[in-house]
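What follows is a structure written as structure tokens; I'll ask about it next.
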Amino acid sequence: MITATRKPMEEILKSVEPFSKILLLGCNECVTVCHAGGRKEVALLGAALRLGRLQKGLPMEVEELTLERQCDPEYVEELSRTIDQYDAVCSMACGCGVQTIAERYPSMPVMPMVNTAFMGASESHGVWAERCAGCGDCVLGYTGGICPVARCSKRIFNGPCGGSTKGKCEISNDVDCAWQLIWDRLKELGQTELYSKLMEPKDWRTARDGGPRRIVREDMAL
Amino acid sequence: MSDFEPVVVVFACDYCAYTAADVAGRMNLEYPAGIRIVRVPCTGKVDSLYVLRALEKGADGVLVAGCLDGDCHFKNGNLRAAARVKALKRLLDEINIGSGRVEMVQMSAGQGAVFAETARNFVATVQELGPNPIKHAASQAA
Amino acid sequence: MAKTDSPRTSNSVLVLGGGIAGIKASLDLAEAGRQVYIVEQKPSLGGFLPLLDRQFPTNDCNICYLMPEGGASQGLQRVHTLPMSHLSELKGSVGEFTAAIETKPRYIDTDRCNACGACLAACPEGAVVFTPGLDTNSPTCLRYPQATPQAFSIDMEKCTKCGECLKVCHPDAIDLDMQGSSQELEVGSVILASGAQVWDPTPMEEWYGYHNFPDVITSLEFEQLMSAAGPTGGAFQRPSDGRRPTRIGWIQCAGSRTTKPGGNPYCSSICCMISMKEAIWALEHFDRDIEATVFFMDMRPMGKDYELYYQRAKNELGVNFTRCMPHTVERNDKTGDLVLSHLDDAGKLQEAHLDIIVLATGFCAPADAAEQAAVLGIEMSSQNFVAAEDFAPVSTSRPGVYACGMSLGPQDIPGSLVQASAACGLASAELAPPRGLVLAESMPTEKKITGQEPRIGVFLVDWGNVVKESVDSEAVLQAASGWDGVVFGTQLELAHGSRGLDKLEEAIAEHDLNRVVVAGYSPRTHGNLFAEAVRRAGLNRAMLEMANIRDQDALVHRHDRTSATDKAVALVRMAVAGVRRAQPMHPVKLPFNPDALVVGGGVAGMSSALSLAAQGIKVYLVERSRQLGGLANELFRTLEGGSVADELGEMIAQVQDEPNIEVLTDTLVVDHQGQVGAFITGLQSGPGMYYRQVAHGVTILATGAKRYEPTEYLYGADDRVMTQLELEQRLGKGEAGDLLDTVVMIQCVGSRNEQNPTCGRICCRSAVKNALWIKEQNPDSQVFVLYRDMRMPFMSELAYRQAREAGVLFVRFDPSNPPKVSQEDGNLEVVFTDPILDQPLAVEPSLLVLSTPQLAADENTEELCDIFRLQQGPGGFLLEEHPKVKPVDTPAPGVFAAGSVLAPASLAEARTQGLAAAGRALTMVSKLSLVLDNPVAKVMPERCAACLICVRVCPYDIPFINADGYSEIDPAQCLGCGVCAAECPAQAIQLQGYEDDRMLARAEALLEGIL
Amino acid sequence: MKSDSNLEKVLAGGHFAVTGELGPPRGANLEAVKEKAAHLVNMVDAVNVTDNQTAVVRMASWAVSLTIKEMGLEPNYQMVCRDRNRLAMQSDILGAAALGINTMLCLSGDHPSFGDHPQAANVHDIDSIQQLAMIKGMRDDGRFLGGDEIDTPPRMFVGAAANPFGDPFELRVLRLGKKVAAGADFIQTQCIYNLERFAEYMRQAHDMGLTEKTKVLAGVTPLKSGGMAKYMAKRVPGMDVPDDVVKRIASQPKEKQAEEGIKLLCEQIEQLKEMPGVAGIHLMAIEWEHKVPEIVERAGLLPRPKA
């Protein structure tokens, strides 16, 4: 799942300063699940925005709406009839959603209300952690199902570095050493020999370094 | 601003604070009339949105009144409420409404006196803070 | 309790007497699905209660909880009230009695009379009888909702048949030629609750001057004198010259604890509390210049925590207490003062000058007690109260006939209620088994209102006119009339006769209302009452919303009418906004597990278990220790000399032989979940602490108390110093012989002090019991009892007298100057001050006995409270739901408590409470299905993002993601806390009654007009 | 010989090698470098020149390396994976080799969060083991990592760092094996204070035949004070300072603590000389370069063999 967190109110209030009527737009996918931009967060930010503006003496109309998914044109199309009545759309979706809106409605300012964070999983209620860097060439099969790219601070493929202490990363005791985890799991799996294999330098083209990525399914795209 | 009589919305848990408020009444304990109580089954039900909406509609302060630690009828609803209030306080500072306008308080069902005292003290605090800033703005806008 | 040979086919019980004991018994039985005939000689129910202005220790009026109307709304139709009637014969035997009932003519048709009061006004002779409550302006709750039944009656002896009343009676209810009637009732068992009567001071007027001096009155008369509805209309004047009294004196034990002719030898038990209540009330109600003095021999606040009430009266509220022997009352004709001569502590004659003297008159058996006993064929005590024993405290000598309330002797309301519930438990055992009873649900089908425009009715309810005092009700209704959807508004007056709830139901029909707001009481206390009425009117219970303008407005802002009125308007507006969005709620029905869990195998616990088992209920009896019996195992005999060991042994044997009881000794309760009707409790048994779970529908906690381990008076340092219990052991085993030469007993060791301000309650009785026993074993032995107040309620007073006659020396000491105990080269010495000689006495006892209290078994009880989500009161004892009206209920539905886990209890009390808890449990166990009408969380599938948040936050793990991929919440399991709704990021979960739009609408309505 | 590295020669000659360390300045001041370096001339066989150590910006490692080379020292040019991608690395290596740098050390590099630019992106295009393999490939196969042939391959004596005490311990020797397999000609370890644990590490390395394939130089650092000892023990990740060592230094009066540190160091060096598989020491006298002569003197490591 894509995770995100609400931007600081100060930044948000600044970004909407010029507007007097906005559409606050949530998304019922990832950002709902990670409590960043679903109906509930839309309602909260809506109230906070109105309050913040009233407090400044500049009341602002905030229309609240949550789409099923902001990263699909069909859902975004729903806005076409009503969007003109707003000065701006404030999207609580991840960057994908914001851009889909911007693309579909070129003349409409679109403001991001959240910072898109990472692809992660929920560890427990209210806790999400990064799990995948989307590098495009998955090595989890060799690393006991724990990703060195996303979870080692140095992306070391033949780790751990010398900084690994008591299972924690040198950058912080709150960060697990990915390689400790990998090693423990490999032992669990009886696959320690996988470690001795020297991992070749990674082909980063499949990651962001190869430029913006697209997936085109010949069997689908006409 | 001495003649300012704050309006305070209290979201009170049926199992403790709401009962305590009834007891306070039956004990004829007085507290300012600005205290207005909304009944909830558990403070765990108090959505941050309710608090914000109350402030948006002109309340000068909001109390979330739940059970004592460990006494929540539903195990930990009061702790969740307390956590939300903590987050709300940060938000309210961010938008210059002031974190002091919302508090989590805890008491048991029998503590009518505690309810009355808590109510009086909070109203006094809010009096210090002055009226909800949006009132002024609203009156100007009007 | 040996099972009687009742055929167990009947489902009816005859209750004799309509005082609170009788009413309570009837309500419990009716709630348990039984048919009840309640026979009352007076025109209406209520007994003494309506005559009391206030009740201790809360000093408020609980009448609405005690009377049928407020007490229990369900099952009322199963109570048949037969006023002005009495039992003339009781044929047959247990299980199949035939009761002959004679009913006097009332001359007013109760079905027609709407108690409008016109006849009373029209009647020139005052022959129309109606017993209203006292203070209709009481700042408490619903006053006596006029009589049950709601009807006047006519006293033919006064009536001249002038016919005036006939003219004014619109319902045409009056029939001056009405004849008496008689009928026969088939009942399975009988409960005697015909109460007692107030002792009449006339025979002792030479002492008290009652009648001779108009300003000498009884406590009940004083109660009326203070009352706004009393003879003086609330003006506080003394009868003789109408002067406002400032010096008021209460004479305790008027006609009690005396051998004087016309008096009663026993203690009336509750007069001390009544006098204190009146004194406090006088000080609070009228100005502080009042001098209230109680003249007493021993203060006997005997109930749970009553001692604290006494201390408050003495130390905080300024009531004077004068310890003395009241002698005679004279009148100084110059000053008009009453002069009470009395012997003070030092035996000197003193005089007190007073404006009013209140005689704390006790209670005695009704004049017709013997007669009634003959009709019932039961034995009575020398004092004409029902003869009961410690181990059969509510039984009579005739199988199937039980007794409760004052017919067993003078006592307070909680005591009467406990006995009533106890009697219900036993009486039910003679009837058809409770399971399988189908309770009649005579409710109209619900109107379909979906799609209808809201038609809201606003009803102001102000029984007792409390709200009016600080809120302009008219203004509130005026404001409400303007609001969207409000089509009707009115005040529901209960004070004027008619039953307000009928009015409410009529209005709903008449104005075709589909939503109702009741402004007045707290939804907590009265929500159910009105919800039932709304339901009776054909609406869903959820179509009601209450505005709490009484407890949370009128009572709080009494000095600011404007603000109070504004706030009331806001609160009602909130309720209207809320009810406008109300959706019908349909309760879930679940099978009700009849099995019971009883925690604690002492006398109380075993009593509960046996009573329930006797009715075919499966009982799990859990005991921490290795054997049953609890503290009673250490007792040998009762105050009356009966053998505890034998009775207890028999009881334990019964428990072990009872197939319906599964005894689990060496067992701890470790966890508890679910709700009434479907509890699951985890137990750990045996040395291996093996874990198992039991499923049950009700729970009874009877885990008892612990003994106080004295640190005072060389206890532990000298073998000759021991507690009463230890002494009893020695006496029982006959091992005390050589020690009994000179015995000193010290009372209140470890109680009534700073560490433990409460009274041990039973230590005085233990001391007297053992003192008598010592004298019995060694008549020459010298026995001193050093005491502060001898607290010997009711008949135990006779034992106290007997002890004094047997030569036991009772010497009072003052807490400021307690006895001193020292030991020098083996010689034990006790030094104490003799109040009469006023000089220290030294005694070298062969035995020093400390009267120590039971204390709350703190760790144990605390654990229990954690597990069952209950709370502890002062002293660490378990907190009951209401000390007055729900003494063996806990705030947790389906969980009851009995015995010394609630407060130090005597054997008889523990036994009675055990039976009572069982009786209360039966009101639930009889239900076949458990109706869950609490609001539950509902999921909107189209919104659900299946994020699992609800699954994670639910404190009971109830939500799950179903096969269709969205969250599902089982309404049968959801307890309605709303946490999931508050956390759901998609706002896909809504809690019934607290839906987001509704909550926001409430908040907005509450704040409307501020910006 | 794989290179013209003095270190390679000393090790090949079977001598007990001594390497020092030198931290480039945080400015363009070469004099400071020379001053520090002067203390090391004729005292050590090679000098590690750190590369933005602890992620703090300093003068380029290759520049300082060249400077001390001119002073007659053998620079051990350090390169971390944090700051360069594979292109930058290879071009720098070619440049360094061309200008006479013969010895290199491959490192992951401390994480930027420790340094003066925590907001910096950290590259980590390849890791230190891949880096070793890359350099070995350039030298022995004459090919770039990308596969193209190199006209005049760089003749680098290439080493790696190892921390015997990082967790998980059992993985440490295995990882050493990986580095050797990747082409580490020599290994410089993290500071050793726990000699028992290090001996165990060496035994395992020996058993795996690693000490045959590579030369292990044990890292040592004089403890200047009790405070430093405590800091090393508590704060530095992957450092193992036994309590008795800390006690020994800290128990001394302040002014005697430095002296005690050197005494301890010399004793350790004696033990290391005897330890099978240990080919020398790497003396990290950070900001204490002027003490190096005294230390090597007292540790009986002089004179250094002339190449």
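A, B, C and D label the chains in the order they appear, each numbered from 1.
As a working rule, a residue touches a chain if its C-beta (ideal position, glycine included) is under 8 Å from a C-beta of that chain, and two chains touch if they have at least 3 such contacts.
This is a predicted model, so every value here is computed, not measured.
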- Note on the structure: Per CA centroids, the chain at the heart of the structure shown is B
- Chain pair with the higher count of C-beta pairs in contact (A-C, B-C): B-C
- Where the centres are mean C-alpha positions, what is the separation of subunit A from subunit C, in Å? 62
- Give, as an integer number of Å, the spacing between the C-alpha centres of subunit D and subunit C. 86
- Query: Just curious, how far off is subunit C from subunit B if you go by their C-alpha centres, in Å?
  - Reply: 35
- Message: If a residue has to touch 2 or more other chains to count, which residues of subunit D qualify?
- Response: none
- Residue numbers of subunit A (touch at least two other chains): 40, 43
- By the touch definition above, subunit B meets two or more other chains at residues 47, 49, 53, 134, 138
- Item | Inter-chain touch pairs (all) | A-B, A-C, A-D, B-C
- Item | subunit D-facing residues of subunit A, complex | 153-167, 170-172, 177, 179-180, 183-184, 195-196, 198-202, 204
- Item | Residue ranges of subunit C touching subunit A (in the complex, touch as defined) | 943, 945, 947-949, 952-953, 984-988
- Task: Spell out the residues on subunit A that touch subunit B in their complex, using ranges where they run on.
- Result: 8-10, 13, 40, 43-44, 47-48, 50-52, 54-57, 59
- Message: For the complex, give me every residue of subunit D touching subunit A.
- Response: 81-82, 86, 108-111, 113-114, 122, 124-130, 133-134, 145, 161-163, 166-168, 171, 174-175, 177-178, 181-182, 190, 237-238
- Message: Looking at the complex, which residues from subunit B come into contact with subunit C?
- Response: 7, 9, 14, 18-19, 21-22, 24-26, 28-31, 33, 36-42, 44-47, 49-50, 53-54, 57-59, 70-71, 73-77, 80, 84, 108-110, 116, 134-135, 138
